[in-house]
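When the chains are written out, they are named A, B, C and D in that same order, and each has its own residue count from 1.
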């Protein structure tokens, strides 16, 4: 691969091409007329893809290590559910409320934690996540506690939902692509690699950290809300730490700091863990091992592996 | 990477194997959603699994139903509503089961019946006590499980007979716990209005209930009611004992979860379990059917434990499924549901029929047998406990013992 | 005001246990600047090692206690050797990669351990054998579980022992040196790798011991670890990174304030309370209650 | 009547580019900087020297807004800049280079320059044009597409120079630019500095490297234990007995 390919703009373009290819392939999956269940699995896979994209925007592109994505998904799911449960509000009111609400919360959390670094940031966001979960899980009168709330569905028919979620993934990736190609994307990358240097190069670091944090929270909230309307149930389990761990692992396995990586990782990890359900449900054991192996030995993730192969292939073709 | 590949290959092979068996003698698939891994109560899940397998073998030994063997498809709900929902979804849409049974946690039931209702598949509730499961009024849902309102009524009657003045309940913050605690409150108002009753909700994930218990120390009530499930309930019991709040010559603990016959009860509470008064859904002195005897023997052989109420509840839920198929002469959901609505079912705990009135007892086996008994020694087997109230018999509170 | 008294005692005892759980995490946090999300599983392993050896093999509980400590230490070293080496052998040069790697690996590890134990040993909770036969002891107005008293005593001595070890012993001083400046200390001829594995051994040992000591009180099940782990995270930050005394102080504070919060405010949100404090402290005192402000965290 | 140009000249005479008035900073116990005042005139290369721990880097950090002085104030052309953040200062034309080179490691050298340019408000086209010319000026053509993290120490330094000069600042604060750099690179760097200075660029240069200070700096300030002990033309400062004493003392430590 010629050196110029290493320019960020080129890397990003290649990335998006691969993602669109992947999604184009996913378009044909329903033609295999799968059982509604398998479609459901794929849809949940897409949900995780959205979450992975959101978390990667923060960790992979801005270097902010949040432990709260799942919590924001839960909040995003509960806002419309509570509106529906207490006021009978429709989803069309609920969805914007979810996005705005989680963005606002993300902004507030961001303003408080983004001065903190590394482990501090991880721990505070983790604390926030747990507070949110304990609060929702234990406010039995208000949220029906850990049994969760029912949400109205957005559309009927798995196929419809499948393409809807697929479209969301494409849309979200495209938006992130546009952001990362703009100069603001450049700022985020600079902050990721060296916040102090970025600051003295004239980039208002805190403002852009906050920006990324808010956007990411909003995406998570939206994803959670969509997931709720698909499964017609939101429960505190959406916000479990394990969920965040799952998301992080997806990004790591797929390849952090890219767009295709998280999506690929989300789909593969979720599908494989669903298959492994059937082998004496040891999926969690196998899955955990898998994650450790990847984090330890394939740090660039599948995306990195792919790029490596691609590069070698290219150079072979040259000589 | 090829690690993943290997795994998937393995899985694929396994799936093939399963499906091959299935196609060999087209069995009737019944979906079972139970907790097989934490955070849910796996102990309950394991008991239910054993019991169901025992009954399945009994049925298949007799040539199955409609000449077809029964096959159980187990799914792990992890005791989480979300997982339960997707488990039932899988059972119905992927495995194409004719009915769902086995669920044993109200919060999980409440999310699962939504799915069963959506796909109009019969759903027999094995052990979800919360009234809200019945109040939904879904025609697909039938309940062989105990239910909060009957438990509350019986506990209120017992408390009345004890002539207590003050009762404090510790309720876990779930639909089951809070539901039962509230139900007990209303039942007490009706039965014994002069009893001073209040309940505290506790976070069942917390490991230290001492603060809540300490508040009772200055002026202990006559009875401490626990509407909590193990393991939280075990910890609460131990801490009540170690703080000297109960059991004492003044105060008795009254368990509303029927946990005294759990196989892991005594290995978790020692001295603290002595003098525990509990409502039980099973007691060896209940009038045995020959089914229950067979089950008891088989269960003892399989696990080495004495059977308990959960075993029989599980069996009964499968009985309803199997017999409804037999009576409907079909595995068509509608016909099965019709049969369930009208039929009589000879279960391990007696003849089951289901109430058709909307509300807290909708599609519930109303006159479900229960007992009240007291543990009088550490490591005591349920058989040797003091029976305060036999099934369907009047309460004999005179037998109740207090520590010296 | 007997209730007040009781709550304080109970809180202090819980605090002691928290401290025992947390100092290990604090040390790892201090020396590697990473959060070990598998810390709770040290606790779980300790509890199981103790309860199983004592009940199934029927060996003396005190000996089982030692076995638990050993198993914890062993696990700690194993983790350090297999998973943590990359963190400080130039393998992850960017801090974000480091955090991410640490979280992912330790998180996956905890998931693995929990479900491994769940499958191999079984899911049902059980009560470990007490070190003392009497289940409850009355000291004046205060009723206490005999096990709790013994456990508290052992915790105190362990914590003091640790503090002395860090302050006085050669290893202890090496640990301090590495915690302050990994690079510099390696120039000074201290082997940071060896020091780190010592840290992990100690951390694992302490957590495992607290697990063993609480086995008779908390009825361990495979997922018991999440509870001490969360408390430890809170304490470590409250106490200030790597500050062992800070963590001990924070632990006691948390224990007491929790038991009062539970009674006077809410039982339901009790476990959220500590987290509230955590967030508050991080906002107003980002370097913890005891930690001193360095240039740029 | 004076035309604007003349007014500017006069202004420059009266207003130094940067004025530092009695700034102090203490870390915990030790007084890193103790009431230091000095001016940086337009178009000069001012050296800031002194033994280790004499507080020169701290002064630089306070000028570039890394942290704020406990007392005292700093001015840019008469305008107070004491409590501005590094990014604000950068936009006002006070830009700094770090002692430990700070580049954006996971981006190509070229992208580093682009981002620096965009951050200072250039359009994409302007930025890439300037980036290309700087790449040549700094002889980085062969590595321009490599990740900055993979560059040698010297190349990183040059790259950081480049980032500072995507938009030529009013004053460039250089912290030990020559530390641990290959001699050839030093040559490139000092040539770069001098050529920029010819065209009126002001530098504040913190350095240890006496030979280079002798060559480059018109004036020098020598600090010790947080105070200025000598100040003036480079030669005179370097010959000042206090300074020599301070350095010897520094060596004794």
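Here are a few things to note about the model shown:
In this text, contacts are C-beta pairs under 8 Å (C-beta built on N, C-alpha and C of every residue); 3 or more make two chains touch, one makes a residue touch a chain.
This structure is a prediction, so every number in the text was calculated from the model and none was measured.
Touching chain B and chain C at once are the following chains: A.
Distances between chain centres, each the mean of the C-alpha atoms, put D farthest from chain B. The interface with the greater count of contacting C-beta pairs, when A-C is set against A-B, is A-C. Centres computed as Cα averages put chain A at a distance of 31 Å from chain C.
A separation of 42 Å divides the Cα centre of chain A from that of chain D.
The mean-CA centres of chain C and chain D are about 47 angstrom from one another, to the nearest whole unit. In chain A, 134, 138, 140, 192-193, 196, 284 are the positions where the chain touches two or more neighbouring chains simultaneously.
In chain B, the residues that reach two or more other chains under the touch definition are 37, 173, 201, 203. Contacts with at least two other chains are made by residues 105-106 of chain D. Remark: chain A residues 59, 63, 65, 67, 112-113, 115-120, 122-124, 126-128, 130-131, 134-135, 138-140, 192-193, 196, 241-242, 245, 248-249, 252, 256, 282, 284-285, 287-289, 291-292, 295-296, 299 touch chain C in the complex.
Note for the complex: chain D touches chain A at residues 64-66, 85-91, 95-96, 98, 102-108, 110-111, 114-116, 118-120, 124, 145-147, 163.
Chain contact summary for the complex, chain C toward chain A: residues 29, 33-35, 37, 83, 86, 92, 94-101, 103-105, 107-109, 111-112, 115-116, 119, 226, 230, 233-234, 236-237, 241, 268-269, 271-272, 275-276, 278-279, 282-283, 286, 296-297. On the side of chain C, the complex with chain B involves touching residues 2-3, 6-7, 10, 14, 114-115, 118, 123-127, 135-136, 138, 143-145, 148, 217-219, 221-223, 227, 258-260, 262-263, 267-271.
Listing the residues of chain B that touch chain C in their complex gives 37-39, 42-43, 46, 173, 200-203, 205-208, 210-212, 214-215, 217-218, 230-231, 234-235, 238-239, 241-244, 263-264, 267-272.
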